[in-house]
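Got a structure here, written out as structure tokens. Questions coming.
Chain naming follows the written order as A, B, C and D, and within any one chain the residues start at number 1.
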Amino acid sequence: MLDKNGIAKRIAKEVQDGYYVNLGIGIPTLVANYVREDIEVEFQSENGVLGMGPFPFEGEEDADIINAGKQTITTLPGASFFDSATSFAMIRGQHVDLTILGAMEVSENGDIANWKIPGRMVKGMGGAMDLVASAENIIVAMMHTNKKGESKILKQCSLPLTGVGCVKKIVTNLAVLEVTQNGFKLLERAPGVSVEDIQKATEGTLIVEGNIPEMAV
Amino acid sequence: MLDKNGIAKRIAKEVQDGYYVNLGIGIPTLVANYVREDIEVEFQSENGVLGMGPFPFEGEEDADIINAGKQTITTLPGASFFDSATSFAMIRGQHVDLTILGAMEVSENGDIANWKIPGRMVKGMGGAMDLVASAENIIVAMMHTNKKGESKILKQCSLPLTGVGCVKKIVTNLAVLEVTQNGFKLLERAPGVSVEDIQKATEGTLIVEGNIPEMAV
Amino acid sequence: MILKKVNSVQDALKGVKNDMTLMLGGFGLSGIPENAIAELVSMEVKGLTCISNNAGVDDFGLGLLLQKRQIKKMVSSYVGENDEFERQMLSGELDVELIPQGTLAERCRAAQAGFPAIYTPAGYGTEVAEGKETREFDGKMYVLEHAFKADFAFVKAWKGDAAGNLVFKGTARNFNPCMCGAAKITIAEVEELVPVGELDPNQIHMPGIFVQRIFEGEKYEKRIEQRTVRTRE
Amino acid sequence: MILKKVNSVQDALKGVKNDMTLMLGGFGLSGIPENAIAELVSMEVKGLTCISNNAGVDDFGLGLLLQKRQIKKMVSSYVGENDEFERQMLSGELDVELIPQGTLAERCRAAQAGFPAIYTPAGYGTEVAEGKETREFDGKMYVLEHAFKADFAFVKAWKGDAAGNLVFKGTARNFNPCMCGAAKITIAEVEELVPVGELDPNQIHMPGIFVQRIFEGEKYEKRIEQRTVRTRE
């Protein structure tokens, strides 16, 4: 079973040379730490920066240079700042190659819910609805089940949707899944996790074909 | 009767303190020379400059600093350059206070034609269609009649339109006219021009009420 | 040159009244019009509708207006950093319209640029699109979203001049340029008002035509929400 | 950092083929992609559809492609400076679509920013709107105009870096930023390619994400169309 860093590490393998990548808050943010050093990747943050670098050294934080998670950041050579309309032009115009974000629920047809629990938690969608409606390539980073042990990989989402039919791939603490026309296709098992474990934790249709390899993280 | 500079001089009186003004090619360009010195006005050119100044001194021309007429220009302190989308955001968003442009024909209901003579002359509309469709305050600068002596102030335009029902005021070599619901209301006569002269040169309905003053230029 | 400079935040905010709709720039606490917000608190204007990406935190930014119950309705994309906000929203005291962040930016730009409405894919198939017109273009579905109508826009820039020209810094730029000229009156506050002619005409982020009033803010706290750092090795 | 630099105009224009749709920046002869145009002439590609505000003059800019009959169709707002153009258009050799200048800019931006179409008031009630959908918003009429679809966009900037970041100069900026990222592939040529990191991230007009290839142009004539001057008193 993977921890949050393990999920981020596995997702980092999906990042290819030449990709512009938007990372959501939470586990996705960690992905930046694990991207191969021999490829060129640039990170975009929807509040208006391209070419994000690591956190600043202590004492060098600048209130005017933050990411979408409101964290102080730095920029790398070749970076640029821009306004929110231009930022979403990059996203809506499909100039960003890969979007990695968290979810509360994903359904077998690729719907995603991650912004609202009616009556309990209403933080808002931020840029997530624009990202999932626009991106060709969306990877969801999430725990396979919630704190009560209930599956978050569902036949149908129960929470208000963020986007419809948009998720292509899911990486959880248990597995790598691909969203296909017939259901969630199991691609890889997390280390030490059996197909049966995954089946138990998955409410949606799980497609298991042939031998499922354990992921190399 | 006014010459082109006279028309420009008369129109300059319509320019008020604090106005952002877009000047078309031809007579309108001359208006800048006659604006009162005790008021603050900024000239916008739709190719991407606000705060235009006079032509450059010889030898100081810059191919990268031109107006919409492709003339080399200078900028004044406080000027800015911007892209075409931003330029038309200023125009369409009604941030430009006054638009002065030429015309081949104007009709009683405020239609204007100035971009095409089918089969003969097709230069294109440039920014004129955006300007006339957006501006609240449009003044047309033109000769009252064409080279054959035919009226250009018509019941209905015969040429392809640039915009419908948009012209508010017209300044010609003969008169100042206001476009009203009932026709062209004669506001002023050019020096030495009689109401009868204007009537003869006007094909559209001319409304003459009371004594028509001679314009002070 | 048309002069936009006013001498105080009080002069800048003249005409702001109860029940008006305001746009406020900023992302989180970065690039927010701190001085205008403080003055709105002093003025005690009430019943405000605020269009702003976020709602501040409990004791800073728009949170200050929320504490005084001056806001009737918020139009935002993310409001997760403010407990008082959540309380007022869940109790029904505060009307909240949550919309996608890109839609928020572009509804501002539409107002600025004279577009009545836009078609965006964001929110299609979700409750955000409920009751809205949708339409297919090239096999993809879009939602029709209308330009905002606001009385005042409050933006914050790094530098500016008396002509209203603005230059922003870093990610404090965010929604500020999109809101310039998107309301009937745009009020810009800047950290530094420089002499006219000092800003390079080639490097002005927002030309002065989009700004009606400009003033230098008395002070800026520029609070950091998430101070994340690494240690030197 | 993702590198966009190519070493020659030949490398930059790889993949340009007959019958493609191209966008070309510039206003009049200001800010036109001179080196790309010269290479298009050398390549002898034919049947091109060119989206560009103007059509050059007889012996410069897009006029060079017109002389060689390489252009099948022009989409422009103003073409009054080119006799050969007028001849080909009036004789029917050249297909011409004249559209309002602001519509041209915004159809580019729509393609860049992922909008399928826009509503603009420009051209309503004129032949430009014939056959197009119109619609009323708040008592005013608008025309629905669609985003351009182009294969290549050629833009010209003043400075750029290998990451594709661009800075324009003066009114040579014009349509160039609007066309970046508005075609499948955007090719930027610059007067000066500077080392990555030299451009201030705060002062980049178009971020490199909108550009696929960048090169330093071998030379720039930057011809002036209307040399207007005043004499010193």
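The rule is simple: contacts are C-beta pairs under 8 Å (C-beta built on N, C-alpha and C of every residue); 3 or more make two chains touch, one makes a residue touch a chain.
The shown structure was predicted, so the numbers you read here are calculated from the model rather than taken from an experiment.
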Note to self: What are the mutual neighbours of chain B and chain D in this structure?
What the structure shows: C
Next item on the list: Between A-D and A-C, flag the pair that has more C-beta pairs in contact.
Entry: A-C
Next item on the list: Return the chain whose centre of C-alpha atoms lies at maximal distance from the corresponding centre of chain B.
Entry: A
Notebook entry, point to check: Using the average of all C-alpha atoms in each chain as its centre, how far is it in Å between chain C and chain D?
Noted result: 33
Notebook entry, point to check: How many Å are there between the centre of chain A and the centre of chain B, using C-alpha atoms for each centre?
Noted result: 56
Checklist line | Whole-Å gap between the CA centroids of chain A and chain D | finding: 36
Notebook entry, point to check: Where the CA atoms of chain A average out and where those of chain C average out, how many Å apart are those spots?
Noted result: 28
Notebook entry, point to check: So which bits of chain B are touching at least two other chains?
Noted result: 49, 81-82, 85, 88, 91-92, 134
Check: If you look at chain D, which of its residues touch at least two other chains?
Finding: 109, 114-115, 120-121, 168-170, 201-202
Margin query: Please list each pair of chains that are touching.
Written below: A-C, A-D, B-C, B-D, C-D
Margin query: List the residues on chain D that touch chain B in their complex, please.
Written below: 27-31, 53, 76-81, 86, 89-90, 96, 98-106, 108-109, 120-128, 158, 168-178, 205, 222-232
Item checked: Sites on chain B touched by chain D in the complex -> 45-49, 54-73, 81-85, 87-88, 91-92, 111, 115-116, 119, 122-130, 133-134, 160-165
Margin query: For a test of understanding, state which residues of chain D touch chain A in their complex under the given definition.
Written below: 1-3, 109, 111-115, 161-163, 165, 181, 196-197, 201-202, 204, 207-210
Next item on the list: Would you pull the chain D residues touching chain C in the complex into a rising list?
Entry: 114-121, 137-138, 140, 142, 146, 167-170, 201-203
Notebook entry, point to check: Tell me, which parts of chain B touch chain C in their complex?
Noted result: 18-20, 40-42, 44, 49-51, 75-82, 85-86, 88-96, 134
